[in-house]
Amino acid sequence: MTTPAPVTPQDLGEALAALRDGAPLVQCLTNIVVAGWTANVLLAVGAAPAMVDNPHEAGEFAAIAEGLLVNLGTPYDDTAAAMSLALTGAARARTPWVLDPVAVGALEWRTSLAHQLCDESRPTIIRGNASEILALTGGSGGRGVESLDSPEAAAQGAMALADRHQSVVAVSGPTDHITDGSRMVRISNGHPWLTRVTGGGCALGALMAAFAAVVPDAVVAASAATATLTVPADSAAARSAGPGSFSVALLDELALIQPADLAERVRLS
Amino acid sequence: MTTPAPVTPQDLGEALAALRDGAPLVQCLTNIVVAGWTANVLLAVGAAPAMVDNPHEAGEFAAIAEGLLVNLGTPYDDTAAAMSLALTGAARARTPWVLDPVAVGALEWRTSLAHQLCDESRPTIIRGNASEILALTGGSGGRGVESLDSPEAAAQGAMALADRHQSVVAVSGPTDHITDGSRMVRISNGHPWLTRVTGGGCALGALMAAFAAVVPDAVVAASAATATLTVPADSAAARSAGPGSFSVALLDELALIQPADLAERVRLS
Amino acid sequence: MTTPAPVTPQDLGEALAALRDGAPLVQCLTNIVVAGWTANVLLAVGAAPAMVDNPHEAGEFAAIAEGLLVNLGTPYDDTAAAMSLALTGAARARTPWVLDPVAVGALEWRTSLAHQLCDESRPTIIRGNASEILALTGGSGGRGVESLDSPEAAAQGAMALADRHQSVVAVSGPTDHITDGSRMVRISNGHPWLTRVTGGGCALGALMAAFAAVVPDAVVAASAATATLTVPADSAAARSAGPGSFSVALLDELALIQPADLAERVRLS
């Protein structure tokens, strides 16, 4: 077994080029708060979103989709059942899937649901803030969707979680950490306004599902998604007066960012 | 039986003036992705949206509403039941209704649902992309919400579908086609960014329900809605840097567009 | 029993400072149309939204949350059950809660639901337009989410409703009225574009829940929320071309407004 190659800025630029070429169809089972925003982020970057989240169709569609996002922001009995069925469809068709365990640790039902989904089918990528990732490893919980734990503290938990599930784990924060249990990628782009707009993290999970559809190495996919959201966030913040104009500018910049720019401007370590 | 008059640019300007005067109350049973956007489009143009989509109230409200939209973007058992009840209320009160068969053809459950709804009550207007319209006529399906078939190819299917249901059928694309089975209106305004923002088509369906509330000829209503979305899209694109600023500018232009401008700038054939 | 002090502009400025310091966690059971917009308004102003609205978790979370919003815009059986459970959790933890009775009076099911929720637990604040407030007092109904009754006419009903429930009642309109049955605060900021963007009133209800979390006097909380939405709306309108750019600018101004500005610019009587 060879050691996987370290992730380079060029890998991230090539991943973005692959996403633009492939325009992957990404099924999103996400929450009522960010569904529209998530679709707009995916469309801006060049992917094709489809929010098919009812139990009658979620499994059928997961076999057509090229990437799948399961986000636990506002689960209901109906959509939770659809999540489980989508995983079955995705497993059969080998569709990569991303788990975004929103507020897991703070709330019991969704914490059980997250564990159940991980047991049913290995997630390709698990993406959360520090509290959510620590909660999945058995650590302390957060306060709703906010994180009370530092991403650095969560980096250790992330490696353990990656090992346990054989998944890539991504922890969001001022510096984002992405690991498969052996490699650890750190990306330090982005702007505090990303936390003043709802759905920054949720959109990142959706982008990871889009990149996982076109890039076989899930560490590269998760890293490319992180760079593709946070490098444009730097540009968007520079031309914005507040969180409203920032979120509009971010969609513009997501459409404008070029692979070579991404590789040049990402702060990777 | 006389041949209906051809649709003129002046008809579309007059329809917009009637919408501004009437401020019709439009009930929308639509999807979780675009509900907010759809409401904002209707408000910007001068209509009054109301998203009443639960089974307890949808039928009652359809008798109060002046236009009804049924959009199949994210149906659930609950809202699918509400759709059927809304049609009953609308039929009793003779409220015009628009069917937007999102992703029909690609997914089985909603395809049955679309056929069932059409059987329960004749839609005033059916609006979709080429794949969705062909699927309703028994043709090939699409890939989620995207269309794989050309609008020109769908124009033939649209005429057959219009004949079968005695409905007006509108097929969206670079050129929009609107037909009642005898007349065929083509409108060629709009901008590719309309496909980079989620809910362009969904908002168009909602606008058709608003215009059907104030204009008796449903070909004129569907054409006026198409022009009212796509002519402002031309202006919005001209002052935008990307899809984010485009969607913001589009709402502004929808509020600013005047009937005479609409008649002058629509590319109708 | 002493007469409560009248509300001053300084009280409202101090309330905003308290909100910024406290960053209260606000649980929102709201509708699918405005969930994202509401979260963005709360984030912009400095609060922490969490849309936990399923029956499994709503009660548990209401004991963690510092303020609770129950908005009847798009209720379903599932979320209506969650509302009732959230009130039980909120009552146990003494979490203040705000009722936004959207379209009550126009529709039977939600009218019963609103009365039931008020009977289960005294609302800290009830916020609606004139028609909704009059409907709760037994008056005439509205037309969907629009108000057909004048806020002045509703002011009398508001005082009666405030007395009946021992709640603060806020009536939105060109002039907003806020009363606890003895005091009556009038605020005359804001812009007609607030009615051309969906969720102006819904966001106001959410802001009231945020202010009620940090300010013990609910008349001050409701007044501070009203000023915090409408004073920035004045600035946002001044730099906007239409309702699209207005809603973006409003989020910016909500983040920028300072307590001293608020106190200086509010038109209070």
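When the chains are written out, they are named A, B and C in that same order, and each has its own residue count from 1.
Here is the rule we go by: contacts are C-beta pairs under 8 Å (C-beta built on N, C-alpha and C of every residue); 3 or more make two chains touch, one makes a residue touch a chain.
Treat the numbers as computed from the prediction; the structure is a model and nothing was measured.
Viewed as a contact network, the protein chains are fully connected, with every chain touching every other. By the residue-number overlap criterion, the interface of chain A with chain C counts as different, with under half of its numbers used by both chains. Chain A and chain C have Cα centroids lying 33 Å from one another. The residues of chain C that reach two or more other chains are 32, 35-36, 78, 247-248, listed in rising order. Of all the residues in chain B, the ones that touch chain C in their complex are 25, 27, 32, 35-36, 39-40, 43-44, 48-54, 56-57, 60-61, 64-65, 78, 247-256.
Touching chain A in their complex are the following residues of chain B: 31-37, 73-78, 103, 106-110, 143-146, 195-199, 240-245, 247-248.
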